[in-house]
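Two complexes, one shared chain (chain A), two partners (chain B, chain C).
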Partner chain A sequence: MGSLVLKDLAIHYDRQVVVEDFNLAIGEGEMAALLGPSGAGKTTILKAVAGLLAPTRGDILIDGRAVNTLPPEKRDVVMVFQKPLLFPFMNVAQNIAFGLKMRGDGSERRRTAVSRILELTRLEGLGGRKVHALSGGQQQRVALARALVLEPAVLLMDEPLSNLDANLRQEMRELILSIQSELKITTLFVTHDQSEALMMAQRLALLLGGRLRQAGTPQDLFHRPADPEVARFFGGGNFFKGRLQGGVFECALGRLPVSAASGNGHVRTATIRPEDIQLTLDAAGRPGGLAGRVVRTRFEGTATRAWIECDVHEVMVLTAAGELTLGQEVRLHFPPEKIRVFPEDKASE
Partner chain B sequence: MKRSGRFSAAATILAAVGLPFATLGLWSLADRWFFPGLLPQSWGLRAWSYILTSAGGQVVNALWQSVAVAAVTAAAAVLVALPAARALGLYEFRGKDPLSVLLTLPIIVPPLSVAMGLHLWFIRMGLAETFIGVVAVHLTFCLPYAVFVLWGVFANYNPDFESQARSLGASRPAVWLRVMLPMIMPGIVVAGLFAFLLSWSQYLSTLIIGGGRLITLPVLLFALMGSGDRPVAAAVSLVFVMPAFVALLFSARHLGGRSLAGVR
Partner chain C sequence: MDRAETGVDARTRRGTGGMPLAMLLLPALAVTVLLFGGGLALGVLQALGYLPGAGLTRLTGAHFIRVLSDPDFFLSFGITLYVSVVSTLLAAGISVIAALVLDRLAGQYRPVHFIFQLPLTVPHLVIAVAVMFLLAPAGLLARIAVAVGLIQTPAEFPLLVNDRWSVGIILTYVWKEIPFITLMLLAVLRNTGRDLIDVGRTLKASAWQRFRHITLPTLFPALGAASLIVFAYTFGAFEVPYLLGRTHPMTLPVRAYKDYSDIDLMARPEGIATGLLIALVVAAAVVIAQALTRAARRRGIVI
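Showing the complex of A and B:
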């Protein structure tokens, strides 16, 4: 249906640089996520792709064709905004048919297309409703239907789940995924929620401060973050500076065996995810590991987050191991293959 | 309790609005009404038959003149106010605050001074004693009102609706026609109504710029009042109020502003 390539994109508002050096390629029929904290420039990028905002530099290519100079209505791209933005003076069916009407489709064609999309988005029977008489979830689905009915080459969605409460969110997520896999519309959606991005996307791009930090599969970004900031965004913790030498990472915690490639003794940063650290109670007597004391705990339901003081350093652990009491003596084990040593730390050289 | 409360509220409003009209109605039907009678001593249709027959042509002419001036003024006010209010409501720009003060000037300066000041200019430009001249002088205070009403509308207007429409394939003109216009229609009706009624009730400025050539209903009304014939003046007053009343009824459903509460 359509591939989307963004090349060296830069976007300014007045004098303020919002996005710079942004590159991203999304294949035909792919579901891609643009992930980033609020204010990172996600909406800005979507608007530029939709043609609602002119980039300062760079190219936007759809199916290999540059569309920079095309007005929004001439691009085969539809953007669904974060808020439903349903036209209040039209009913549900009229809202959905809006784009078809603008395109010049006849009333008969509009009717069949609308009834098909109503079914697909589980809005059967609501075509005649006033938009005020819909629930939040239904409004969001009408907004989605209004875009889908046009079958654009590229569909853009700005935080499609952020206005919904937890239950509806899951429902809507599954709906979007099933529709996307059925219609195979190339989709780029925006979210600030890392778990949402990991669950929904085939490709993932992390945007921090208007710059692309890493793009790849969800597994790439989660297990092989490019730098500590990426790791931190995905819930990582425990960053230690040290030197890598002969399969051992020497840092303040001691000498940790790692499976990383050989190092040259330069200062590097290593990390281990809180859930990858194995915690044993001291009494269990598994030898080795690092001794420490529990200083803080947070019960998170399926697991408990605990801060363990080893010497003067705190290590954050996510563990399912029973109940921990403050001051309790525990041992921490760091599986070598779970320790990620980042490429050389230029800042500290 | 609730019901009686609603009843008394309705009664109060009706009394406040209705009493002056009732008095006018009584006067227009009075033949003789001397102090201290609470009601006219004798009744008659003299006033009505006078304004409908012998003075009929005059009244009807003045009525049309008033409608024409007010309608053209209202349309022009809305048309000019629309882009200005949109810019004021949606964008921040330098000079916005001084501009808003400037806009209030014609509202706080008495129409008499404005008309006097403009008169000389209008004579030079050949606008004095013309329809366009009268519309122009009415516009000096109708336009700021229209701008203020529409400014408020655009301050609550979410331009993302327009971006959404364009992304769905609407061209710029289509967005104005099919999205912006329906969205702000209640505001346009209110602004137009304000401008219409304001122009409708103008007397001094019409007299000065129109120079007695343009006889609108208020101008005629004052002339008849001057003659001291109370019943006739009352009847003309009622004729004067009627179109405004009809316009108000016609647009009442837009005044609640409920259609503006879109799904934002």
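Showing the complex of A and C:
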């Protein structure tokens, strides 16, 4: 088991810089997620950690030891790829035993280890199967088993669930989490799915355009995004420019009380998540708030997304409050503690 | 993308698209079957002694028996097998190395690629003639050897064409077939091989282990299929041994041609019978090649 530290990592293909100034530290036995949209450079970073790509600059440390110059086969790191990439000419058990065999483990030892890992990944009885006779979920579990059986210091997973359908994906997340908490293998899990990242990770790093935008606990990134772009990536909306002065944020919507530390009157951006806005149907229920009219709705199952026109500004709200009709008069309440004022104005909308 | 990347999916997709395509091809298929099947049927008839033009109308297996009971036939069969097996094995071995090198060079050296593909476009006959000019007792190599003082007279140059070991024929085939096999292997390496090699590296396989346990098994179906096709071709080809081979023993295709074009019309059924025996060997090789390809595709290896 080991810790993984990436220091000032920069990686480029040919002359195109893909990753820059990347820093990340993952503690022993931790489950960390690297989140980012497609093309952000996630796979590139994993390949560098695995040793399949040489970084242009920076250090990769496992248990405090720089491994930059070690080839992949000498690093205590195993990678699970986006596609299962099973060896087509081997059966399930042979696939799983591959790494052990390459390492020189005897056949008795291999058999014991494989049967244990088959059980752990819920593949009992499938050891003799041809890999092309497996379902997509089973194939990906074999790929996982093939990596886990080596008990690496660091396990890398590159969007291992993105080829599976939604139900199976949920099941696999639970499985990976339970295995990870049992084996305590330091894991870096890559995904483009923010909800997957939030639910799986103890630590979360958001990568946008090859740069680390924010790292922290899932709660940090979700509730305390560093900038509007991070907030937007996690489904945030409602960005307003204004001035913070004496506990009040003055913007086009009016004077909103906030619980943020008092500002100095410089232009800043504030946001409130759509589900944090409280929507009431009439003034009688609760006085105050902002009056508005429903202009658009979208039913999303557990909640309804509604766009409310307040004066000339549109506010997006996610509410469980019954059915809304177009043109309906409603009132919006902004709980002061839910309004996040960003440190300095970075919003370039 | 909720679809798992499995060979099964690819197969069903191909399967559904297959039917209308077969319908479109029907006219062309009909012509092919008629010409090829008809020709084959006529051939079989003639081999069985049905030659109305020469007054032969009784069907008999005697020609096949005569062909098979001629000790010379087995000498011919032996030399044919020798030439095709040796040239196929040489070409296959060199192709594995060539494919690995070309894959390593990747896109960096396009000209290498181009030069490599050249032999594909040159007819066998042309290569045979070139080999002749190069290796013949008074050929280019012999003259160069004399010029640089390696040997005194061209006569001392070893016999490499129309020779006992069929060196000229084998060299022609090897030179011609290497690009074919290599390009098939290269496609597999590019489509399946590189990813699997990366997997192998992270699973701690050394360079030799990756070659032995990943590259070779991945290449095997394509290598087998391509080699069988090359074997089938060299076994049945006539022009190269005709030009570069000895007059005795002849390879089977040369023998079939000689018999068929003999002024003695009675030799003709034997020529065709020989031809049909060649076709049998060739067909068997092609069928096995197909089976290998299909099995590999089912496992998700791109060929």
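Keep this in mind: the second predicted complex is superposed on the first by the 342 of 349 C-alpha atoms of A that agree within 3 Å, B and C clash if a C-alpha of one lies under 4 Å from a C-alpha of the other, contacts with A are read in each partner's own complex, and residues count from 1 in each chain.
Assume a contact is a pair of C-beta atoms (placed from the backbone, for glycine too) under 8 Å apart; a residue touches a chain by one contact, two chains touch by 3 or more.
As the structure is a prediction and not an experimental result, all values here were calculated from the model.
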Under the superposition described at the top, does placing chain B and chain C together on chain A give a clash or a fit?
clash
Under the stated touch criterion, which partner chain does A:F89 make contact with: chain B (first), chain C (second), both, or neither?
both
Could you tell me if A:V77 is touching chain B, chain C, both of them or neither one (first, second, both, neither)?
both
For chain A, which side has the bigger count of touched residues, chain B or chain C?
C
Determine, under the contact definition given at the top, whether A:L161 touches first (chain B), second (chain C), both, or neither.
neither
Which of chain B and chain C A:F98 touches, first, second, both or neither
both
Answer with first, second, both or neither: which of chain B and chain C does A:L34 touch in the superposed model?
neither
Would you please give the residues of chain A that touch chain B in one complex and also touch chain C in the other complex?
50-52, 71-73, 77-79, 81, 83-85, 87-89, 98-99, 102-103, 131-132, 134, 139, 146-147, 150
Show which residues of chain A lie in contact with chain B when the two form their complex.
47, 50-52, 71-73, 77-79, 81, 83-89, 98-99, 102-103, 131-132, 134, 139, 146-147, 150
For chain B, which residues count as touching chain A in their complex?
158, 160-161, 163-172, 174, 179, 182-183, 185, 259-264
Within the complex, which stretch of chain A touches chain C?
50-52, 71-73, 77-79, 81, 83-85, 87-89, 98-99, 101-103, 130-132, 134-137, 139-140, 146-147, 150, 162-166
Quick one: in the complex, what on chain C touches chain A?
1-8, 192, 195-196, 198-206, 209, 213-214, 217-218, 220, 296, 298-301
